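So that you can tell them apart, the chains are marked A, B, C and D in the order they are listed, and the count of residues begins at 1 in each.
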Amino acid sequence: MKPSLKQYIFEIIEGSNKDNWVGQVFDSFILVLIVLNLVTFSLETVHSVWIEYKEVLTAFDIISVFVFTFEYSLRVWSCTVNPKFRHPVWGRLRFIFTPLLLIDLSAILPFYLPLFFPDIRFARSIRLFRFFRLLKLTRYSDSLKIIFTVFLIKKEELIITFFVWFLLLFSGSSLMYFAEHEAQAKAFPDIPTAMWWGVVTLTTVGYGDIYPITPMGRILAGILAVLGVGILALPTGIIASGFYDELQGKRKKKRHKHAIICPHCGNLIDEHPSDKSHH
Amino acid sequence: MKPSLKQYIFEIIEGSNKDNWVGQVFDSFILVLIVLNLVTFSLETVHSVWIEYKEVLTAFDIISVFVFTFEYSLRVWSCTVNPKFRHPVWGRLRFIFTPLLLIDLSAILPFYLPLFFPDIRFARSIRLFRFFRLLKLTRYSDSLKIIFTVFLIKKEELIITFFVWFLLLFSGSSLMYFAEHEAQAKAFPDIPTAMWWGVVTLTTVGYGDIYPITPMGRILAGILAVLGVGILALPTGIIASGFYDELQGKRKKKRHKHAIICPHCGNLIDEHPSDKSHH
Amino acid sequence: MKPSLKQYIFEIIEGSNKDNWVGQVFDSFILVLIVLNLVTFSLETVHSVWIEYKEVLTAFDIISVFVFTFEYSLRVWSCTVNPKFRHPVWGRLRFIFTPLLLIDLSAILPFYLPLFFPDIRFARSIRLFRFFRLLKLTRYSDSLKIIFTVFLIKKEELIITFFVWFLLLFSGSSLMYFAEHEAQAKAFPDIPTAMWWGVVTLTTVGYGDIYPITPMGRILAGILAVLGVGILALPTGIIASGFYDELQGKRKKKRHKHAIICPHCGNLIDEHPSDKSHH
Amino acid sequence: MKPSLKQYIFEIIEGSNKDNWVGQVFDSFILVLIVLNLVTFSLETVHSVWIEYKEVLTAFDIISVFVFTFEYSLRVWSCTVNPKFRHPVWGRLRFIFTPLLLIDLSAILPFYLPLFFPDIRFARSIRLFRFFRLLKLTRYSDSLKIIFTVFLIKKEELIITFFVWFLLLFSGSSLMYFAEHEAQAKAFPDIPTAMWWGVVTLTTVGYGDIYPITPMGRILAGILAVLGVGILALPTGIIASGFYDELQGKRKKKRHKHAIICPHCGNLIDEHPSDKSHH
């Protein structure tokens, strides 16, 4: 069965088939454009660059938005190929409110609606969310799934670790405030500031803008730093054991999956049961 | 058998049954109140906030203590439902001296006994210990048990690691004192101060308040920092292998446990042998 | 069959046979000479050392280059012993363009071609690449293979981790720029500078040259630092599980390999099928 | 068979039997004395403490040395109980030259030989080595053995990791010198100083005494910091997989060991084959 133009466009834009080289080129082009947008977005804040290349940067911004708008329109137009969004009106509306499409919209909306968002710089920062579109790239999706699965499996342990860490942060910072407030009222004026010190110390960043100077404060800070490093070992251990588990589970699953891969298109059949008609 | 009011209250306050939504709401309410107390406790130390919201913060403090006192009274009154503390006088006395109840008491005592603790701020910091009450929350208790079990199983390895770390800290700081004392007597005036430098370096915090400037001191500091980073790999490795062990043991145990879960209430039967009569 | 002089030289220079003590001495000598070159290369930049030991350092440099040139010539002359580079002209040419030989050439070329590279210091820095020659050393090659294999197996997970990390870096630094630019325009003048702060924070280096001072910036920096530390746990977990996998695979392979080690020379027979004729 | 006084003393000082409570007390007493010596050693360098407590500290030092001398004499006298050092002269001489006894000697020698070591402070620092005596304590020896075994098993991987790390340090620091020397000749005057910056960065300590300011230097430093953090994941992964291996091996071994534990004294019989006569 020969595909229609809409089906062809849909395959290029949304398809995950690695044999479709046009789709690969399209994905790469959008990816490069996003990265270039991030670079220009950063460079626009550099005063000397903005002065000199104002026109180039603005032109590139306008072109980018037009490309992204065209891509967005193509997606909305062709989405009815997907059986899940078959209806020309309600299907498209439901498609528009999927997270990925909302991200796409947020990348172009700030350009068209300067009335709604008068602070144009902040509005532009929303385009960063377009970055998440990368996650869609097929070749990475398997690995990303593993990482998310590990986090999901180990959710409870990670939350309780963060909870213990926060307990340490709060009690440590409060004690630090009492130990150091007298000696250096400027560095430790209140507990929230002491908690800033606590975060910087327990993550071992250690800027050095605030640090204890009294013997009691230093002993306390030393104990906190050691405990902080010890607690940092917890998520690593949790995630390492999670990766090992996930890997073993995935291996078994994969062996099972190989049996139900479609020999015609290379896709997994039970993942797209509605596509069964295509061969 | 219809439960009495005391049994009903006991189930709400001390019960770990996830189907009891009143108990869940009660736990959440106390949890939110504790967190709010921590926030106000921190904000009270910020001078500008204290000046402006003195009355609100004080009122919130009084209300919180009354709520905590009421909760404490309910716990002591209803504890006789638990067969372990059945006796109205001795049971309650034994209950009062359990760690969790002592923590609860320490949260409200500083308010009622300003004569015993005239320094009201320090007294209030005891209320932080109420934070530990969170650990009781049923849904986290399993994960917390795993973390504690891992630490217990690996206790010896972790102690010996800390011991080796301390050995490195002490000898390194002493050598550093001899290397740098001549060049910068202010930064390295004595070995205890050099040990402060050592803790900040070996935990990789690195504030930058004290650092070597002589070639010999820098080589020594470089070696120490590398060794410190190497030793930090030890607890991570220990804990990671501990998590993996614990996980495998737990999985086997769980499979066994499923067979003896009560189909009526969802509790594990062999964990509450005295509750066997309830179905 | 008695080996010719060329074969004998080839065994010494390129051979990985641990019983060949002349080859071991040769490897050690070249290794020590490389390390000494690195030391003198560093010391030449110290002004006081350069003033005093100019002649010694220059003489050592010339001698080193001559030794390295002699070694290079021997390698090119003897390479025809290897069946892969048997042809006296085309084999040698192909040998010269192997990566290791190009590294060797880059170590001596800067000395002979000062016309091509007038900035003699930068040219000398190319000699650093000779350092990689160490990787050839037989006794380390097994372990290095494991490390590279682990990185290769886990390539996708590591790339996606780096990608998530970069996403966090870019979005965090951009938000930080908006939070801190007003308060301290010098520390956060533009997003590229904010990204420098982001790299220093997310790797927990924390120099302290740039740090937030506004409450919003500090809360943001705290969240970023915690997330950064959390993401650092990912590669560790990935690599730890990779090492465990690789180890188990290697163990099985090794058991198999032992069966096909040549009892006469100690080499693995199926690795050098063309050498089968030697016993 | 009733033990003689010498055997009794030997059991107390050198014995690892946990039922011998006199030996336990003796070990604890020596341990506490060592820790107190470390504390006084540190405090003596604090000028104000030294001025005020000179007599107390000196007296404590003299008493400590006498106790350590008495302990050393007892060890040398009673060592002949051990079949390995049975000969009253040659056995004792061989015993004196065992590492542990040399450490013991080094703790007291600096006191008796101020002529050999006129710089009394440095001499005293040798007493630190007495600290290693702690490692002898029976209850920790098993865990320490595991840690050492893990390092031994993974020796090659750890060395090659350090080698890769050093390669990165050297090349990164050299490139950094070329990138930053022009902009800040004081911070990066030569490559050795740049390497100090490199060590501080690659271990993520980040004092902030030296940091790049040029865009090229910052990009280079960012890449180096990320690579440094990535390499830090390697030893953790290596050690974690090593711990897991060692644990499994140990478990199998232990099961075997249980069969040959002496039912009379609790010691492992095949560890002290010469003690077989004691039951």
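What to note about this one:
Simple rule for what comes next: contacts are C-beta pairs under 8 Å (C-beta built on N, C-alpha and C of every residue); 3 or more make two chains touch, one makes a residue touch a chain.
Note that the structure is a prediction, hence the values are computed from the model and not measured.
When the contact pairs of B-D are matched by residue number against A-D, B-C or C-D, over half are shared only with C-D. The greatest centre-to-centre distance from chain B, using averaged C-alpha positions, is reached by C. Taking only C-alpha atoms, you rotate chain A by 90 degrees to land it on chain C; that is to the nearest 5.
Both copies, chain A and chain B, contribute mostly unmatched positions to the interface they share, with under half of the numbers common to the two.
Chain B has its Cα centroid 32 Å from the Cα centroid of chain A.
Spacing of chain A relative to chain D, judged by their CA centroids, is 45 angstrom.
Shared interface positions of chain C, defined as residues touching 2 or more other chains, are 192, 195, 204-208, 232, 236-238, 240-241, 244. Of all the residues in chain D, the ones that touch chain B in their complex are 38, 41-43, 45-47, 121-122, 125, 128, 131-132, 134, 139-140, 142-144, 146-147, 150, 158, 162, 192, 195-196, 199-200, 203-209, 232, 235-236, 238-244, 247.
Taken together, the chain C residues at the contact with chain B in this complex read 204-208, 236-237, 240.
Partner chain B is touched in their complex by these residues of chain A: 156-157, 159-161, 163-164, 167, 170-171, 174-175, 177-178, 189-192, 195, 201, 204-208, 211, 215, 218, 221-222, 225-226, 228-230, 232-234, 236-238, 240-241, 244-245.
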